[in-house]
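Next, two complexes with subunit A in common: one pairs it with subunit B, the other with subunit C.
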Partner chain A sequence: MMRREQPKSFNTIPVKERLTITRQSMPEQDAGERSANFLEVNLGLTPKQAVIEAQRCIECKNPTCMEGCPVSIKIPDFIQLICNEDFLGAANKIKEDNSLAAVCGRVCPQETQCEEVCVVGKRFEPVAIGRLERFVADYALKHGNGSINGVEKPKPSGQKVAIVGSGPAGLAAASDLIKEGHEVTVFEALHEFGGVLVYGIPEFRLPKAILRKEVANLETMGVKFVKNFIVGRTMSIQELMEDEGYDSVFLGLGAGLPRFMNIPGENLNGVYSANEFLTRSNLMRGYEFPEWDTPLYRAKHAIIVGGGNTAMDAVRTAKRLGADEASIVYRRSEEEMPARNEEIHHAKEEGVEFMNLVNPIEFIGDDEGNVVTARCLRMELGEPDDSGRRRPVPMEGSEFTMDVDMVVIAVGNGSNPLIAQTTPEITTNKWGNIVADEDGRTSMEGVFAGGDIVSGGATVILAMGAGRNSAAAINEYLKTKVWSVA
Partner chain B sequence: MYRIIKAEFIAPNVKSFLIEAPHIAKKRQAGQFVILRVHDKGERIPITIADSNPDEGWINIIVQGLGKTSAHLNTLETGDHLQDLVGPLGLPTHIENWGTLVCISGGVGTAEALPIAAAGKAAGNRVISIIGARNKDLLIAEGQMEEVVDEVRISTDDGSAGRHGLVTDVLKDLMDEGVTPDMIVAIGPLPMMAAVSNQTEAMEIPTMVSLNAIMVDGTGMCGACRATVGGKTVFVCVDGPEFDGHQVDFKELGMRQKMYKKQEAESHKCFLERQMKKVKAEQLAEGVG
Partner chain C sequence: MSLKDEISSMDMNEIVDLCIDMEQQAIDLYAFARDQAKDEAARQKFQELVDMETVHKVALQQFDIEAYLELPPANLKVTDYLMEPIFSENLNTQEILILAAKREDKTAKMYQDLADHFTNDKNLNTFFQMMADEELRHKHDLETEYEKEFLQEG
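Our next item is the complex of A and B:
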């Protein structure tokens, strides 16, 4: 691998002293206050804090942080620009590799990516790369445009690419493809752009205004956005290519088929999939009912089944909607929880209860079909299963019941069957995921796929990485028109 | 924005809309639906497509003003726009030549049964239509139905038109007269579809019903529209909307339809209050002018 050139240093503090600077903490909205509103929890570093945090970087000769980033942001470079207080320059440096920096600075699990492999982090707390990313991205959104500065409009290639789905995979692919001069159109089934970023992630973690600005930036760069358009129903992939003249199609559909537990009582009123509960709250602004039309339960005793980030988003939403008790019910222990530590920590601060090693086995309703009781078992951990985590086993005689008036099932997503139903040319596996090679090539010539529809439920940044990979492969395909599936 | 080419009341509180939607019109098949939003703070509601014209690029929907959103929608006039419109959604109706097809419909369901009846006739069936309504004024589309089927029979709850009674009474009359349906399609209010399914199950006549469930996205992403069919959970939006009436758990679906009864009443009240304020303000302005 080619050695990268070391970025110009602007850090005047001797290396030894840098290690004595403490990691700058994220200013937050007070827990008591924020558990009753939907405003953003994290407030962002101050410019002064950002410079101090950037000065903690020891400018390793062989930095590993970049390897931890699925889209290979030039982390050492942008950190030096922050040391020089060139925040716009730093934002533009990130934009070279990531068109959604303000989003990723908020929702990426940096602790298991760039920050996990940060050399400072081996003995001290790692440099807060995510907080710095967020700081410069927000700065750029506020002060001038972080996306098109200094980027000349590329020469039109005369080629058309359709992106299906405006979630993280699609937006990342669109951003890379528009820079190559292709005509890029993003088709979205819903009435707002952003996919899971708009329907799944709550306002208090990712304000819609931030997302809208990122989408507007892509529009300024020339990407066309079409909403209320379901590829497979409104128009087929074949029609897009044959009648509408698209030379290539990228499918970034997302997972998008909620899993249930298949236990009795799951269809009672008040039992939601996490997707529905969060979509009603986030996309449809159900928390502003009746000012907004979409109704949403304001439960007193809510349980959320699951231990991922989606479960944390749902339980914190339930709390904000006024629940006296909002509890996580998770069949393993906190150690196995897939949610980010920050989310678990925030949830606890906001008064969320954690009932770990508990699994519901039935929901019971009243005469009108409203859920009123959850029957549960206590679990203990046995031998590790296929996932490497210790398998939860029911404890004999441990059954108990709980009064509930809302249940949210957050146990993951299957894949949406729409494309498989309408496009038999595209091969799917037994889980319904689209089969694609590492560059996203599907079994249909010119059609690529990436993100959750290929990998199954994963993270925003992994979907963006897949979108970028496919964008590179699409570029290559449009140049050569050679279709080679490995 | 999606332009309303024509809007007119066809019965008390029931409005017919022609909406500009060339892509949907081109693709739509009988039995499919759209999801729409009336305004920028609106909810997403599913509505069956009653008719479409791919050459002129419009679809037709029939709306009964029952709750907040449908009442709001019915205030829109020719030339107004919908905020959002997406489709066509759901699986198209399966049509074949069964022999004798009886299409039973109630309320605005008649407009939705019309394309199915027409497709059934085109496939070679003898088609008999049974239309039910509370009273004469609430009958819709019976004239259009007469044009496409072999025979139309009507029932009203109060006897103001056709037979005094329910659609199930008419079906019984028909059978008493010696007609043996090979296939029954029932579209309308849930209690009507449940009653028909109950009646035909004993007689072992295959019966298809078109379910209306509460939906959000309409593409299988949220699972709001769950129903139990044959003991299994289905998503009405992607697995339906049409199912074997003998397998549907109507009781559960009936309860699920009432999930937001309280909130819907609140929302409707707010809407009416806002409308009233608007009217008063207009009157005031006129008075001053």
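Our next item is the complex of A and C:
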């Protein structure tokens, strides 16, 4: 393995002193104000704050932060460029490995990735790598020209690649493949690009304008985007390859099939999957009703079942839509919640109630089929499960009911079955996920897959990592036309 | 004649054969469902259940009551409050897991009832207790799989 060159240092502060600098707080909208609007909660570091935060980096000889990043961003390098106030240079350094820096700076769980392994974090608070990434990416979107400075347009390879799905895996793959000179077209089933980033993540956490700019940057680099195109319905994979001349296809379809609990009453009016609820609000702009033509119920008491980031997005959306009460109903305790601490903290600040160690067992409706009551059980924690979290067990005789007029089920998503149904050449597993090797090769020659459609629901950055891995393998395949599945 | 009366008139070998027949019925049912299922993922899941019940059947054929020492696993009750799906060619993996866990639960309860009934016969009591525990173990495994895949708490 080649030894990585130490980046040029622009930090003149002695290491000992750097450790005394306080981690810079992210300015944010006041909780009372923001719980009634959909504007972004976090406001981003100022340039001065960014430089101070960057100066906290102690320039380790073996920077573990990079190992914590699924796409191996050159973190020490971009931090040094911030120290030198070369914000565009820092953004370009990130873009070498990550085409969606402004997105990742907002939604990546840095506290369990790069920041978790930051050496400074062993004794002090880790360097706020995510906040710095966001700062320079936003700076570049505002002041840059969208492309990577100093990189010449590649010579056309004469090869065509179809990317199915414009979520994080597809966009990351498109970004890497266009740099190799291939003709890249992204096909999206919906009317906006971004996949889960646009239909799943609310405006107050990821403004759509940011995503549109990232997509526009890819367009500037030469990627073609086609919307309202359902691969498997509008055209099959075979037709793309045989009739339209695509030499390779990457499937980054995501996990967009909502899962329900299979308890009585889930088909009542007012019971949504998180997917439907968030899509109505985010993609269909239900939060701007009546200016936008998507109605969404304003609840008296909305309960959201689940404890992940999707549940937090849904409950905070319900609150902003005007719910008198918006509650998380979670079968374990807060300690086991998979949601990011920041999201839990923000939800609490905004007045969300947390009903932990509670699990619904039935929803009851009125004469018109509208949900009015949730029957629930209290839970207690037993032995840890495979994930290491203590397992919830129902408490005998603990049943109770509560009045509700909106329920959102946020217990996870499965794979869309369309490709499996229309392309029998592609092997799927018992969960409906596409079976692919570590480089994304599927059982059909020339077709690669990556992201949630292969791994099941995961994070944006892991999907991007999978997209980048596949892009490298696609590039190799297009050069050699050798198809070998491990 | 009730099952308890029927069992009272059998010797141990006949009782084991009866249980083997019940396992075979489960194998046949899951194999039928596998062949009917439209979805490849469902077919794979039904095949796993066929394999699991086959392992039970073989274990019963090699049954040794003296070797029984294991403690029963915790009853997770993950699927106890869920709706029981009806067998159809369109079942998905989530429904198959619920259906199988509920079948194991019912069978465990039946064996437990028999174990409680035959408290005066040590051999019969131990045998049915072992069978009840074994079914609960299968339910535990199915519910663990269910929890991992379908209660991700996103």
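As a convention for this text, the second predicted complex is superposed on the first by the 483 of 486 C-alpha atoms of A that agree within 3 Å, B and C clash if a C-alpha of one lies under 4 Å from a C-alpha of the other, contacts with A are read in each partner's own complex, and residues count from 1 in each chain.
We take it that a contact is a pair of C-beta atoms (placed from the backbone, for glycine too) under 8 Å apart; a residue touches a chain by one contact, two chains touch by 3 or more.
These numbers come from a predicted model, not from an experiment.
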Item to complete: After aligning the two structures on subunit A, examine subunit B and subunit C and state clash or fit.
Response: fit
Discussion item. Going by the contact rule set out at the top, does A:M235 touch subunit B (first), subunit C (second), both, or neither?
Written reply: first
Practice prompt. Using the touch definition from the top, say if A:P264 reaches subunit B (first), subunit C (second), both or neither.
Written response: second
Fill in: Touching partner for A:T317 - first (subunit B), second (subunit C), both, neither
neither
Practice prompt. State whether A:S175 touches subunit B only (first), subunit C only (second), both chains, or neither.
Written response: neither
Discussion item. Looking at A:T428 after the superposition, I want to know if it touches subunit B, subunit C, both of them or none. Which is it: first, second, both, neither?
Written reply: second
Worksheet item: Regarding the shared-chain residue A:L190, is it in contact with subunit B (first), subunit C (second), both, or neither?
Response: first
Practice prompt. Determine, under the contact definition given at the top, whether A:P417 touches first (subunit B), second (subunit C), both, or neither.
Written response: both
Worksheet item: Now for A:S166: first (subunit B), second (subunit C), both, or neither, which partner does it touch?
Response: neither
Practice prompt. Minimum C-alpha distance between subunit B and subunit C after superposition, to be given in whole Å.
Written response: 7
Worksheet, complete the sentence: So the subunit A residues that subunit B and subunit C both touch are 262, 417
Worksheet item: Which residues of subunit C touch subunit A in their complex?
Response: 39-41, 44-45, 48, 74, 76-77, 80-83, 85, 93-95, 98, 144, 147-154
Item to complete: Could you please specify the touching residues of subunit B with respect to subunit A in the complex?
Response: 23-24, 27, 37, 41-44, 68-69, 83-89, 216-217, 219-224, 226-228, 233, 238, 252, 255-256, 258-260, 263-264, 266-267, 270
Discussion item. Going by the contact rule set out above, which residues of subunit A touch subunit C in the complex?
Written reply: 259, 261-264, 274, 306-311, 330-332, 337-338, 361-362, 377, 382-383, 385-387, 391, 393-394, 410-414, 417, 420, 428-432, 456-457
Worksheet item: What residues on subunit A touch subunit B, complex-wise?
Response: 189-191, 199, 227-230, 233-235, 254, 256-258, 260, 262, 266-267, 269-270, 272-273, 275-276, 279-280, 284-285, 288-295, 368-369, 416-418, 421
